Structures are given as C-alpha cells and as structure tokens.
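Here it is: the structure, laid out below.
Read from first to last, the chains carry the letters A, B, C and D; within each, the first residue is number 1.
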Amino acid sequence: MSLIIADHEFHSRLFTGTGKYASSQAMLASISASGSELTTLALRRIDLKTQSDDLLPPLQQLGVKLLPNTSGARTAAEAIFAARLAREMLQTNWVKLEIHPDPRYLMPDPIETLAAAATLVKEGFVVMPYVHADPVLCKRLEEVGCQCVMPLGAPIGSNQGLASKAFLEIIIEQARVPVIVDAGIGAPSHAAQAMEMGADAVLVNTALASARDPRAMAEAFKLAVQGGRLAFEAGLGGRSQTAVPSSPLTDFVQGLV
Amino acid sequence: MSLIIADHEFHSRLFTGTGKYASSQAMLASISASGSELTTLALRRIDLKTQSDDLLPPLQQLGVKLLPNTSGARTAAEAIFAARLAREMLQTNWVKLEIHPDPRYLMPDPIETLAAAATLVKEGFVVMPYVHADPVLCKRLEEVGCQCVMPLGAPIGSNQGLASKAFLEIIIEQARVPVIVDAGIGAPSHAAQAMEMGADAVLVNTALASARDPRAMAEAFKLAVQGGRLAFEAGLGGRSQTAVPSSPLTDFVQGLV
Amino acid sequence: MSLIIADHEFHSRLFTGTGKYASSQAMLASISASGSELTTLALRRIDLKTQSDDLLPPLQQLGVKLLPNTSGARTAAEAIFAARLAREMLQTNWVKLEIHPDPRYLMPDPIETLAAAATLVKEGFVVMPYVHADPVLCKRLEEVGCQCVMPLGAPIGSNQGLASKAFLEIIIEQARVPVIVDAGIGAPSHAAQAMEMGADAVLVNTALASARDPRAMAEAFKLAVQGGRLAFEAGLGGRSQTAVPSSPLTDFVQGLV
Amino acid sequence: MSLIIADHEFHSRLFTGTGKYASSQAMLASISASGSELTTLALRRIDLKTQSDDLLPPLQQLGVKLLPNTSGARTAAEAIFAARLAREMLQTNWVKLEIHPDPRYLMPDPIETLAAAATLVKEGFVVMPYVHADPVLCKRLEEVGCQCVMPLGAPIGSNQGLASKAFLEIIIEQARVPVIVDAGIGAPSHAAQAMEMGADAVLVNTALASARDPRAMAEAFKLAVQGGRLAFEAGLGGRSQTAVPSSPLTDFVQGLV
C-alpha cells in the first residue's frame, strides 16, 4: 500500500531535505538516488529577485514534489507569513510548519504551532507540522485538520535516532493521519526502526548531506526504509527473554553414536 | 567489495538458517527471497537413511551453500564428531561450530568451542564458531585458524537485537577475519545496525521463520542488510548532543517584511 | 544545598503521592519512611462532606506538605475549578496542575496546561505543572510564572524510567526554575539517574505503592535520591569508549621473576 | 541479609579499588566514606623491599579487607605466580583473578582465567575471577570452585554502566555463588541498577577515584548500593506499556459542579 497525504500518493516513504549539502550537485545526486518524492526547501533558498535560481529547475526536473518549510519562524505569525509567501512563489499549498524560538536546540513550539496550523488549514493549506513527540499535541493537530503529523525522533541534526521512541509508539497507535518521523534519524537502521514501528514515512536530511558519499547514503536509506516498511507489513515476531533454538535441540549425536 | 571467507566469495551478506519454519515450502521461499548464499542446517535434519530426503535437493537447487551446524552438541567431542559426520554426508568441509551445554539459554561454551575449533582447523575444516561477544575469545579463535567469528547479538531466538553492542564494536575493530553477527537479530533495523557498525555479515533465522510472511520478511532483511552495508561504506556522520539546523536559520522573515 | 520552591525549603528531593496504596496505613508508613516533605493528593480523596476524613489528619501529622493535584481534569477550565476548590478545602495555594484528556495514556495536554497555568499564577497560586518533556513548553511555563516544571520521564505508572532522557537534559540545562521529574520512575536507579543528570527532585508514587513492601521501597528511593544528588554535586566523570585500567598495568610479574 | 563469601560476612555490598586516586589521602578518605569492607590492591603497589610502605598500614587501619589482584597478568601462569606472591606478602589466600592479554581494552581471557582458577582453588585460594559477562563461563568457574564470579558491566574504566545487562541477568539467575558486577559502573544509578537486578555486590573504582570529590562520590555510591539492594528485597513492580493512573481518574469535577 502506498502512502497518501491529502490525495497525493507517494510510492517512496523517504522524504528528504535540501539543506547542508556541500554543493547543489551533491544534493541533486543524493535526492535522486534516494527515490524520494517529497523534499523540503527553506524559503530562504528560493531566489526571490531573479530568474537565475539554479536550485528550483533541477529539483523540478527530478519530479520530486517541493515542500516549502517555515524554518526560522519563531512565532505563529511569522510562520503564517512565510507559508503564504511560499504559496505564491512555489505555487503550492503544501507547507511544512516549523516554529522554533530557541536557536540552540531548535525545538518546536507546541502552542505557536497549533495556532498557526489552525489558521493555515482554514486558508486551504496542506499543513505538515514538525512537533515534539507529544501524543496529545499530535492528536490536537489532527483535530484542527493537519493532513499528517511530523513528530521528532531526536533534536534536529543530532543523528541520535529514535530518542522519543516510547512516545512515538503512542502517537502511531492513536493517529488517524500519517505519522512522519522527522529529525534525529542519523542512520539507515534508525529509519528502518521507525518504519518497523509503523511510522508512515521518515524525513532525513542531515544524515544524507553530511555523509562522505551523499549519493550512496541516499541509496542506503532508500533500501532501509523499504526494508523496514516491508517488515512492518510482514509482521515482526515478538521479543523473548529466553533463548529459543533455531535448530532442533535433540540428542542427535548420542543417537548416532 | 564482496565478502570472502576461505576463498569463497559471497555477494550477499545475509546468512540464513533452515530451522523453525512452518513448512519446507515456506523455508525455501524465504531463503530464496533473502538472496542468501549461505544457510545453516542442523545435522538432525539431514535424512540419514533414505534417499527420500526432500530438504537437500531443493536447497541445492537454490544454489545456496549449505553450512552444517553442530547444534545440540554439548562438548568439544560431540561437536567434532558431528562435524566429521556432516563432512561425509554433505561433502563439505565447512562447519558452523555451536556448543551449548545449557538447554535454557543456549549460550555457547567458550572453552569447548576453542578446543573443538583448534582440532577441526587442523583437520582441514573451515570453522565458523558461534560464540559469546567476547573480544579475547574471538581473537583466540582467529589465532587457531578460524576463518571467521560469529559473536552473538543477544540470546538466540530472543529477537532482542544487539544487546552485546559495546563488545561487538571491540570485536569488529580488532578482528582480521570476517565478523558475522549471529543470534538475537529480530528486525531489519537490527541487521542494518550491525552492518553500519562494520560487521561483515549477519545470520538471521528466527526472525524470518517466525514472521507472519517469511518470504516478505526475507526480502525486508535483504534490503536492510544492503542498506546498512552501503551506509558503512558511504561513511556515516557522527552524533551530536545539540541540534544542528538542516535549513539555514536566518532572519529571513524579518528581512522580507 | 537544599531545594527551594516559592520560598519553601525542602530538605528531601523525593516527592511522593498518596494514590494506589493497598491501605491508608501502608501509605502513611511508606511516606514516612521516604522522608518526603511534599505529597500529592487527588481532590477526590478529600472528604467533602464530613469531618470523619481519616486521610488528612495523619498526613498532616507526618509534617508533610500536601499538594493537591487536578488529576481527572481534561481542560483548563476544569483544572482551574479544581485548583480553586482545593485551595479552599486545604487552605493551600499550591497546586500540581495535571490536565490529561486521554484516559488511556494520561498524557498531559500542553495547550490547556499553559492556559491554566497562566490563569492560576495570576490568581496567586504556586503552580507546579505536570507536562510532556518538551523543552519549549517548559520554558513557556517558566515565563508565565510557574515556580517549577514537572516533565514526565515516561507514561505515568509505566515504571519505564527516563524514556525522555534526551529531552530532560535540555530542559534541565535551560531551566531557571526547579525541574522535578514526574511519572515513569519505577526503580531507585531511575531516580538516581534523574538526580545525577541535575534534576532538582523526583516525584514517585506507583513504584512505592505497588511494591511488595512499600515502606522498605520508600527507604530505598530515599537513599537513591540522596546518592544521585550527592553524585551530581561531587562531579561525575565522563564516559570513555576504551578501557582505562584501575590498576597500573606494568610488567610487574616479569620484573619480579 | 548480609553477603557471605567463603565464610566471610560482608555488611557492605560496595567493593572498592585503590587505583587511580590523585593521592593516598584521597583514596583513604574515599574508601572510608564508602563503607566498603573489601578493596582490591594491585600487587605492584605493595612495597616489596622496605617496611616503609605507607599504603598498607592505613588501609589495614580502616578495617577493610585487602584483596590482591593479578592485574597485569597475561596468562594463567603469570596470574598464578602473582597470586602466590600476594599470599605470602599479604598473608591472605583471597585473590581477585584478572588476566587480560590485551592492553587496550583490558578484556579478560576466558581460557586462561578458567585454567588459573582451577589451579588456585586446588591450592586453597578463595578465587574471585574477573570475567566477561559470559553465562557459561561463569557456571564453569563456579563448578571448579570459585567462591564468586565477577562479570564485567562494560569495558573497565569506561563508566558506560551495564552494557552487558542482558547477560548479567542470565548469570544472576543461574548462579549459586555470589555475583559481583565489576568494571564499567560509572554512576550511582548504575550500581543501584545492578543491585535491583539481584547482583550480590558491585566493585567500583574509577568512578570514585576520578570524581571531583572522591569522598562525596563514595558516599553517593554507598547510598545507591544500599537503595538498590533494599529495592531488590522489597520487590520492584513490573513495567507497563500503558499508563496507569496514580490518582483515581473519576469525573470528580463534573460531580462537584
């Protein structure tokens, strides 16, 4: 089964970002190799004044959907302003809502995010909010009409993996919109783990952009996300405290002697 | 780069087992989907008396190398006996050495395993010892001529993942023979993690055999092992305690207003 | 250094609760043994109609400060109502603010909690809010005048320990009011870990009430909290990836031979 | 219940070491504050030639039992030699058996340790072997007559805590001699965790010696070990995946309105 967000069907469950790459070429090669069909883009990176922007055309050529984000916004008002601007510039009503007042840990603000989400939904936006892994907040975002929720795995860029695992499990169990784990995913095994838990997708940026070989790393994540999803669908067995032999433990040797 | 053990080249780094499947058909479908080129087989499962054995021919048809194991052996003597018997029956000098005196947790015996390994190496066997994740023991097994080491990730069949992670890291750093993580790997994310750490291969059985859909689960592991290995080669970035923004955190909104 | 909240000095950093005990006697014995100087009390447990309430007098005799909580409230309005009621009944302006709309996981609601906190602070309450381990939310609660924050370690009653560790660290680093880790602490080692990280106090209830011997368990937590705090003040060393010998690794034997 | 090893009764379950301290004074103050009744001593530190040794008399004055260790030995022969020498010099037949051929990670050698243990037991030693957390090896050491086993929690000096937790649990369940967790314990919470799991004692050295205030840290560990043991005896409750309310979740507010 493919993933559907606001009537848009995604065949890849690996979402990507465009930041932090050493070059635009490295970024394009990586996103292409990832198979990603959705990539976020900070408003700042869109050239506002000239036609010479060298970022958008090649991204559009890849066929990947562009998702403007409101990174840098510290209040609901700033984020709403940025979303409206992005809609005009990119001709899209999709927006990744990011509001983080704290420049050190970039943790999202729950109050401003919910307020901005409610407003943007009313204005017809497809709102994808980046939030703390807070089960009640995710439920409330769903209730005001967000088309998905994007709880964080760990502080953004930290590559720590699923530090919020205990809470992601609750979010996934309760959600009626897709759950996309965002931030903190630093290795393919983290992405696979999120998918095995039942997340609908993951968003990975730093781990790709900061790899020695971003293109190969993108392919690595692509495989891990597919593997994790497939495992979720194939039904993972439970854990056991005691050992369970793979091979029959019989007195075979004795019997043969 | 492919994996080489005793002059045999493997293109797949996912080793499998033949135990615990609901049926031979499920087992064959799963191993086939896994892309595995090496699968273990308990001596007990080989039909000793008749030609009617329905297990070996289809396995051989898959083109997968058979690795007899000494599962059930409780002493070096029993394991050596089993290895010799397997060599005759299967026409192979490869053996997975398993010696576990304890029927509850099936933990391998370090003393008996080293003793048996030394003897079997002298008799020309390619010895693949299943052992605790003990760095000194792994080094000694290498020194007596084992062609690889197979430290455990967690108690066999427990699906707990890499419970021995801190010690596997040391083993991998020190080893001059391939390190194959065996036992405890219960999900594709565990397998990917082992590969990201630099393990040369993983052996998975219970997680495939006990899945609701063993064939799909085999494919899931195949993808995760490939992804984990690719990430290892592509150079994973480190972890950070603080957040590092993916998107430039500028006062872009203010600038635009 | 002792802990100060709203000009009240606490010599014990172990806060307790009164719920879930098998009997009032077990509860009183446990709280007494814990050395706790603050214990929460659900409004429901206070006898509203008669003077025969057998809970309050013995608790007051212990000399422990009573902290009414708003458990059961699902909205800011309900919590504010409960806080005002408790103030009249118990003659205290302290309140533990708990708002959880979800009856299954009892996760606190960030929006309602911040709204209720702002109102109650204005009404002169000492507000101690129970919240998700959300660094931005904790900062905002501090800004509206809460005298401390009480982020959760794990889902309440789950005894899972510090599942929110990565986020508690950020909260502790940023807070200018005391941080009290609440919920999820299931063993003395969890409490010690919270104190070692620099938490100012912990609140423990289920782990005491559900122990086979609640009085002994209370003493166990008392010791662990003291030990953890002392370690924090004494300066824990860092972790190392490699081994560092405790004993001088010299060629002493060779030298002696 | 107190701990008994070879007919010697210990009232403290915190064993200590004498290495790595900045000064003898710091060491003595720390060991004294720890309440420890057993402390290890590397042979090298014992002055062989003169009577002027300033280490032994004060340690003996503390009333703490001295446990010579064979640190630095790389083979069974070296360890046996060291144990005999220590017996003569210190007039004790107790020995902590440490054999680690690898100077980087100081991991113990299972084969040499078992061989040396068997010999030393026959010579009347009370043998306390430091080993990897290998359940089968621990059982075999018990079988050759060791009076306890000392499995490691993590690489020595690494302060990583109970990295071998999954295996310590099996060792504790199976052992009929005391299990003392040695190495890797870097914080009081780690020590408490080991005791809660049912370990009989812990040995801590680096975490005390490297603390900013070794005396206060020793007291911190003393409290945590007591707390952890007390909790083990008082019966810890289990973990739960879902939340369980501490306070009755009733519609109290509605009822009151």
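What we mean here is this: a residue touches a chain if its C-beta (ideal position, glycine included) is under 8 Å from a C-beta of that chain, and two chains touch if they have at least 3 such contacts.
Predicted, not measured: the structure shown is a model, and the values here were computed from it.
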### Task
Find the chain most remote from subunit A, comparing centres computed as mean CA coordinates.
D
### Centroid distance [mean C-alpha coordinates] between subunit D and subunit B, Å
33
#### Entry: Inter-chain centre distance, subunit B versus subunit C - centres from mean C-alpha coordinates, in Å
45
### Task
Would you give the residues of subunit A that are in contact with at least 2 other chains, written as numbers and ranges?
105, 107, 155, 160
### Task
For this assembly, give the contact graph shape among line, ring, star, complete and other.
ring
### Query
Each pair of chains that touch: what are they?
A-B, A-C, B-D, C-D
## Note on the structure
Listed in rising order, subunit B residues that touch subunit D in their complex are 100-102, 105, 107-111, 114, 132, 134-137, 139-140, 154-155, 160, 163-167, 170, 174
### Message
Under the definition above, what is the set of subunit B residues touching subunit A in their complex?
### Response
17, 19-20, 40, 42-45, 48, 69, 71-73, 78, 81-82, 85, 98, 103-107, 155-160, 186-190, 192-193, 196, 205-207, 209-214, 216-217, 219-224, 226-231, 233-253, 256-257
